[in-house]
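Presented below are the structures under discussion, each in the form of structure tokens.
In the two complexes below, chain A is the common chain; its partner is chain B in one and chain C in the other.
After this line comes the complex of A and B, so read on.
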């Protein structure tokens, strides 16, 4: 088990290095010069050169990447071009908002999706199964920003059950939770459908396997067969999908944070891209990448805990 | 007395083409303390028969008529809960493919403890019993092996574990569905020998399904020959194998590579195919492929006695039947 985890962490580290290098290159290929954006078209050449030197843009690209890595390891992501505050501080201040949002979203949608998927598989072709199927496909088809806008209009503006903007008062947990309901509904809704479909398919596959027939031939209670024997196996692909899904949730969070004016990484990325605030773009996308790599790694480790064959490398 | 007494059992499957009559008027017995074999080629209804006995049938299967009497009581009229109480205690099963029999993500020990859920024993006692059973089927170091997962065992070992699990509750009837088909020949012999010894020890009856004539001859006391969903011959292994009464049994024995004495280039086969079970022929089910068919074969034969305890569904036997 330990050797599996170490191997997996090594792989994640390699992926992170590659992703960061790519990210650096992509950002440099975006049209638009940060110096012109910051100083405006009428800046003197001396001023431009000074700013370029301060941002490190006058050095060759490989050197810039190398320096970036060195600083990154020290936790230094540079300074915000406008406020001169450390980027690390800015980004880390936003991370909790996004992290809470996507964790709450994936949690409620996974619990509901797995329950619905099991129900559908056990009561295959029943009215409930068909209804769940139609609803699942419908919610999968609706993008998060559409749900954001409509839930905002219906539940916040018309019915006024939930607040429309912000993340709630900093020390008030109840208020923060109240502010989380609509955004997490918007992000999680399509995942309920997706996970329900996935769990149903993989449950049906597992329920047809020989070992389930064995369990029945030994008279094990049907509940234990469904949840103790079948779901234990059927959950494995779902765990992987949830791990990868965190990445999609991060991008869905961008829309949702803007619609609900929530602080968070998504909003930070958009704001800093529009102002060509390179260090902040780099820092926030970097943290998003780390969250994504961490969630897929975690999913793999959870799968290894659940499936001894993965641990053994078979 | 027979532990299992099946009378006129008919089972059909609903298919888009119509009802596929997989079993028709099957009558057979498993005597107490004996090993009864069912032999027949693929698609003859062996698997449908055992799934009907323990009532774990495919959703599109339907029992048309008949009785499955277990210790005198008809299983077909039992409720699902009553059936479940029987499975794994009174009747247990060993399946064909040992690689698929166990849950891949649970330890063997956990699965062996789980199936004892009805017993009011401590977990340590259940574990001890599982260890004893593994030792009994010849798994070395059973104590430690309980903590391992199915993928850490070979196919032969997994089948031994399956047998250990099936015998743990000391059932009255063990149904073994081609338990050695997926194993190689040396393992097959080992498993058969061990099964025979355990049957002696526990004293259960065994219903052993196979298409391997040699295994049936080696292991069983009685044999039932099935063809296309019907029982065509039944009797003691000695009678059926040495003095086959039904033309199908004779053909089957002639095709068995173990029986062929003369060197030959092509292995013998039975010409023709199994009849379509959706639209059945009116007469004898085997008539199309039979080398001794005659006028009477246009009508369906009934079971006729060839000798005491030896019966075959053939008009030729009925004619010779001592009145």
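After this line comes the complex of A and C, so read on.
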């Protein structure tokens, strides 16, 4: 198991370096001059040259990448070109908002999705199964921004049950949870349907396997067979999907953070790309990549724990 | 729509008389004869919105209205913009301010303004430090041009001094002293942190205190208990950073904002289905949008062709289609209410197809195909589509090229640029508008590469001209020259629709931007 985890961690490090280098190149290749954006229209040529030098933009691109990685290893992601605040501080300040949003969204959608999937599989072809199927496919097809807008109009404007903007007072957990309801609904809703369909299909496949038939033949209770044996195996693809899904959730968080005016990584990335604030773009991208790589790695490790065939490399 | 015609209140007044008036007004205010003002309720929280996060609380590095909206509430200036429908200013930290000649402005500070965090009373040394640091090359302030020909500030007493200019500079009263570069900071406070600050003020002096900043979320201001000036209405102001206007509108409808700007395409809906307990008001904006033509491009060398394009563009259609009827056509780069605003443009606002076709025939050009570069905002894209249809009517095929923000603003250096749908921000002085179109700016912000010696001379002379009528005529002539070149078709100054709860008495600049220190509660 240890060698499997070490192999997986090594691969994750390589993926991170490659992804960050690629994104560094893409960001520096797109048109747009950060110096003009930062200094505004009134800046003199001397001022522009000085800032270019300070940002290291006058150096060759390979040197810039090299410097970025060297500084990154020291934990120094540079300074925000507008406010001069350390990028590490800015990015880490936004990470909790996005992480909490994603985790809460995935948590409630996984709990509901798995429950619905199990119910559908156990009650195959029943009215409830069909109803769940229709609802699941319907919510999968609805994009997060549509859910965001309609939930805002219904629950924030019309009913005024939940707040429309912000993330809540920093020290007030209740207020923060209150502010999380609509954004996490927007992000998580389509995942409920997706997970429900996935779990149902996996469960039906597993329920037809030999060891389940054997368990039934031995007269084990149906509840134990379903939740103790079948679900444990059927959940494997769901865990993988949830791990990979973190990337998609990060993208969905961008829309949601803008629509709900929530702070977070997505909003930070968009703002910094439009202003060509390179240090903040790179810092945000690095952290987003790390979150994505960490979640897929974690999903792989959980899979390996649940399924001995994986850690044996079979 | 109300109050669309704004004017700089002092325009027609001889400068001496105006300054005498200003001096007396300032003294009266200090003597306790407070300015006429509505009786406001006091207390509570004002929740409002700004379209972006702050960048700097250092006046030397602030770049626009987002920072200034907060700075104007937490710092003091010698003079501040006066809220209302007409441009003007009123004394703030100045008990007396008087321009004694073209290059000398005497001032005396009020004796009741102090800095927070124990940095003492505001003195003339603070004024000297605040203004001179911006023109100091070592600081690399992006706002140095706002101070124009400032030479130095002479301190003549603890609270008195003289601003000394190298030459006359009229915009000083309209865009320097009452705007970003006019904020007065504490010399001792800045010295204590090495000479400059970022997003956290070290010491403030205004009626509100900077109580907190949650990045990407909100800035909180609180009533300054030591403020001795005109009392402010709110205990707290929460300024939420909401980029998207639609999100801000939803937040307003959900009761989470008391004041916000709304999008132009929402004006009709908000008029036909008003929000209960709220008021929608439209203010004219100073922004100017136009279609520019690159005079250096070989495809646009024919003057008749450029004129044909000018006459073919139907601005009223653009107002209806792209601005939802919530904006008016413009006649130039200088908005109504500012010196130099023209009542009419040379080429008119409605398309004159007959004339355009005749000019096209005179040009001898056939099978013309051109491109127009556009920022990917819905108003611009729709406007470009209407222009495409307008030009098709005179046989010009127009290809629309969309760009994201940072890419678009790099196009100025592109020599192959043909037509461009452009939009610049503006401050309330015509000097700011013409400064981007001088020869020196060709290929930088003068994307049309318009080079005109007379225009350059007018720009230079008008900034020092003290006779306001003459000054206005100079700027009007400058815009004539722009239009005569065939490189410009002026579109609109847009507008600023705002919505607020009836419990709020907003205090806005004539272009609809908020002056929070003057906001009241009904």
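Keep in mind that, in the parts below, the second predicted complex is superposed on the first by the 308 of 314 C-alpha atoms of A that agree within 3 Å, B and C clash if a C-alpha of one lies under 4 Å from a C-alpha of the other, contacts with A are read in each partner's own complex, and residues count from 1 in each chain.
What we mean here is this: contacts are C-beta pairs under 8 Å (C-beta built on N, C-alpha and C of every residue); 3 or more make two chains touch, one makes a residue touch a chain.
Remember, predicted model here, so these are calculated numbers, not experimental data.
Superposition of the two complexes onto chain A shows chain B and chain C fitting side by side, with no clash. Once chain A of one complex is fitted onto chain A of the other, the partner contacts of A:138 are absent, as it touches neither chain B nor chain C. Which of chain B and chain C touches more residues of chain A: that partner is C.
By the touch criterion stated above, A:209 is placed in contact with chain B alone, chain C being left untouched. Touch criterion met: A:220 reaches chain B, while chain C stays clear of it. Vertex at the C-alpha centre of chain A, arms toward the centres of chain B and chain C: the angle is 160 degrees, rounded to a multiple of 10.
Touch criterion met: A:229 reaches chain B, while chain C stays clear of it. Between chain B and chain C, the shortest distance over C-alpha atoms in the superposed arrangement works out to 47 Å.
Comparing the two interfaces of chain A, the one with chain B and the one with chain C have no residue in common. Across the complex, chain A is touched by residues 52-53, 55-56, 63-64, 140, 142-146, 198-199, 214-218, 240-244, 247-248, 250-251, 253-257, 404-407, 409-410, 436, 445 of chain C. Residue ranges of chain A in contact with chain C, taken from their complex: 30-34, 36-37, 39-44, 47, 50, 82-85, 90, 93-94, 152-153, 156-157, 160, 163-167, 170, 258-264, 267-268, 271, 273-276.
The touching residues of chain B, when paired with chain A in their complex, are 54, 56, 84-89, 92-93, 95, 97, 100-106, 114-115, 117-118, 149, 151-152, 162, 165. Residues 209-211, 213-221, 224, 228-229, 232-233, 306-309, 312, 314 of chain A are the ones touching chain B in the complex.
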